[in-house]
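These notes open a run of structures that come right after.
Look for subunit A in each of the two complexes below; its partner is subunit B in the first and subunit C in the second.
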Partner chain A sequence: MWKWLHPYAKGEATYRLLGLWQPWLTGLALAFVSVGLVWGLFYAPPDYQQGDSYRIIFIHVPSAMFSMGAYTGMAIAALIALVWQIRTAEWAIAAIAPVGATLTFVALFTGAVWGKPMWGTWWEWDARLTSQLILLFLYIGVLALYYAFNDARTGAKAAAILALVGVINVPIIHFSVYWWNSLHQGATITKFEKPSMPPEMLIPLLISIAGFLFLTAALITQRLRNEILKQELHRPWAMAKLGVEANDGV
Partner chain B sequence: MAFDSWQEVIWMGGYGFYVWLAFGISILAIAILVVHGLLTRKKLAQLAVKKQQQQQRIARRKQQERHRSMVTNDSTS
Partner chain C sequence: MNRASSWQLMTTIMRRDLAVALRRRSDVINPLLFVVIVVTLFPLAVGPGPDILGRIATGVIWVAALLSSLLGSERLFRDDFLDGNLEQMVLSPAPLPLLAFGKVVVHWLLSGLPLVILAPVCALLLKLPFAAWGTLMLTLLVGTPMLSAMTAVGAALTVSLGRGGALLSLLLLPLFIPLLIFAAAAVESTLVGTSAYGQVLLLAGLMLLTLTLAPLAVAAAIRVSVN
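After this line comes the complex of A and B, so read on.
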């Protein structure tokens, strides 16, 4: 397996592999997200308690899920970067952080806009909300550290350490609604229990979740490819990919 | 369809402002991310063109120098 994995430590092989995935991921993301959101917005029945305001769930839950999923992925990349010193893994940190930060912002924003009519407040310093806000700060911190040093590798190492330490926040977010008294409701979908949602709402939600998975992957792919090109711009293959013939002076 | 008319879709049972604000800002945020990625790629392409021109300039100068030294070598021999 190591022999097979080894080429992907090099920028060019990873760039090419990601290039094969990108159109599929983008297409699947567009298809699933639009079907999920249109179904959720227009065709799913209103909630018996929350009326039509609950439709925010079709963005809120998927974005929150993958804000944590992306962080976990970033922490794994950080571990690989620190232990095996693989540069592609370092670049993955820089590619995942902005995507994760955007998803976290979307989860927080949709949560606030949902909270106003349902709880009567945009914001509450409660365990779930606060830990999710910390996630946003962690993403911003990782990005700031990554770009804070003149030497890119030092920056990547510092960012990797923060990303790895911060992963403790992910289970805290997940279990916050059980560990503390929270305004936030518990999980709608769990692996072990019957979902607390009728299928007319659950199916579009699951479609939207799948769509956000593809969307997250597509966005990370786009940014990782950019990061690889940026770091390998001095190499002829990267120049060729950007549409110019590299001239080494020979 | 859970609604009878477009007005009802916009009204969202009185929650229209919140639902559409949530959807609008979310889509906007993700769109900004996508556009930023596309712009980064465009900037990289411009940088690559600049780099190529620089390399060509260096190559040309090297060639001129080689040529000149060849000429001077000829005249001295």
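After this line comes the complex of A and C, so read on.
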């Protein structure tokens, strides 16, 4: 496995690999997100209780899921960056954090919009809302620390340590606020039980979730490629890359 | 370096830190005065009625404690970083997490313990019912070591930055939330007449977890900062 993985410590190799994945991820993201959202927002049946306003679930649930998934990804990148001192993993932290923060914000925003007609309030000091808000603060903290240092390498390592400290704290924070207060409904989709949702709603939701997964991956891939190019700008391959692309444009 | 001499180095650093802090008393006293002043502001802002003050007393005292821990955090590593002591600690054969643990303990003795002793005064000012004073002090006693350890992580991460203050609060305050929740819940359950045993035990468990893991994170952060 190491023989296979090790070349990707080099920026150029990772850049090439991500370049291969990029069109597939973007295409799949476009296809799944558009099918999932069009199906969910226009063709899925209205809910017997919440009417049409439940449809925000097709954006809310996927973004909330991958706001946490992105944090896990960032923490894994942080661990790799700290243990094996691989620079591409350090750049991955910077690539993932803004995407994760945006997903967290989207989840909070759609939740507030959904909460207004259903609960009668934009914001409630409820467990899930609070832990999502704290997740947003953690992302912002990692980003702020990453860019606070003059030496980018120091900043990346400091941010990696903070991301790992955060990953130990996230479950603690999650359960503490969960015991503290709760209004949010329980999980709709669980692995072990029959879903409490009819298939006409469940299928577009699952498609939308897959779409957001590909979208998140595509955005992170693009950001990581940009970051690699920016950091390796002094190397011949990156200059050649940019030079060639500039010539193509002319 | 064998175990005995690592231990000796740790105690030497602790003694030196204590001596330095006791000769510059304002560094120790100012964060405590900050807590008293913040506590004084609240009755003026929300009105002196005991029904309101008693309800919010625990929260106000704990939030003031969290903020004051940020104020005193620079003392942990800044001077050692500037005069090169921190570099010597990194280079010394004694395990860095052990030395970091020693510094956390001293920081707690100078910032956490006085807060526990100060708590009855704050409780009196905020008209917290007498029955809950013991629980409040107990939560501070088991909570402040965790505060010191987490602050040390943040301080070590930002020590090489000239202007760490606002950043530090952004990094640390979200991580303090479980502490705040369980401490407030413990005092609250004493106030309504049930046992606070469970919450205090949870806090103690969190404290032990933090004291075990935080020195490792502090050591990693120091290595990054000293570089």
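The rule is short, and it goes like this: the second predicted complex is superposed on the first by the 229 of 250 C-alpha atoms of A that agree within 3 Å, B and C clash if a C-alpha of one lies under 4 Å from a C-alpha of the other, contacts with A are read in each partner's own complex, and residues count from 1 in each chain.
Keep in mind that, in the parts below, a residue touches a chain if its C-beta (ideal position, glycine included) is under 8 Å from a C-beta of that chain, and two chains touch if they have at least 3 such contacts.
Keep in mind the model is a prediction, meaning the values are calculated, not measured.
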Touched partner set for A:L215, first subunit B, second subunit C, both or neither: first
Partner chain(s) touched by A:I161 [first = subunit B, second = subunit C, both, neither]: second
Touching partner for A:Y43 - first (subunit B), second (subunit C), both, neither: first
Greater residue coverage of subunit A in the superposed arrangement, subunit B or subunit C: B
Touched partner set for A:W119, first subunit B, second subunit C, both or neither: neither
Which of subunit B and subunit C A:W237 touches, first, second, both or neither: neither
Which superposed partner A:G51 touches (first subunit B, second subunit C, both, neither): first
Touched partner set for A:F109, first subunit B, second subunit C, both or neither: first
Contacts of A:A144 with subunit B and subunit C, given as first, second, both or neither: second
List of subunit B residues in touch with subunit A within their complex: 1-3, 9, 12-16, 18-19, 21-23, 25-26, 29-30, 32-34, 36-37, 40-41, 44-45, 47-49, 51-52, 55-56, 58-59, 62
Residue numbers on subunit C that touch subunit A, as the complex places them: 153, 157-158, 160-161, 167, 170-171, 173-175, 177-178, 181-182, 185, 206, 213, 217, 220-221, 224-225, 227
Footprint of subunit C on subunit A - complex, ascending: 82, 134, 137-138, 140-141, 144-145, 148-149, 151, 154, 157-158, 161-162, 164-166, 168-169, 172-173, 176-177, 179-180
Sites on subunit A touched by subunit B in the complex: 37, 41-46, 51-53, 55-56, 59-60, 63, 98-99, 102, 105-106, 109-110, 113-114, 116-117, 215, 219, 222-223, 225-226, 229-230, 233-234, 238-239, 242-250
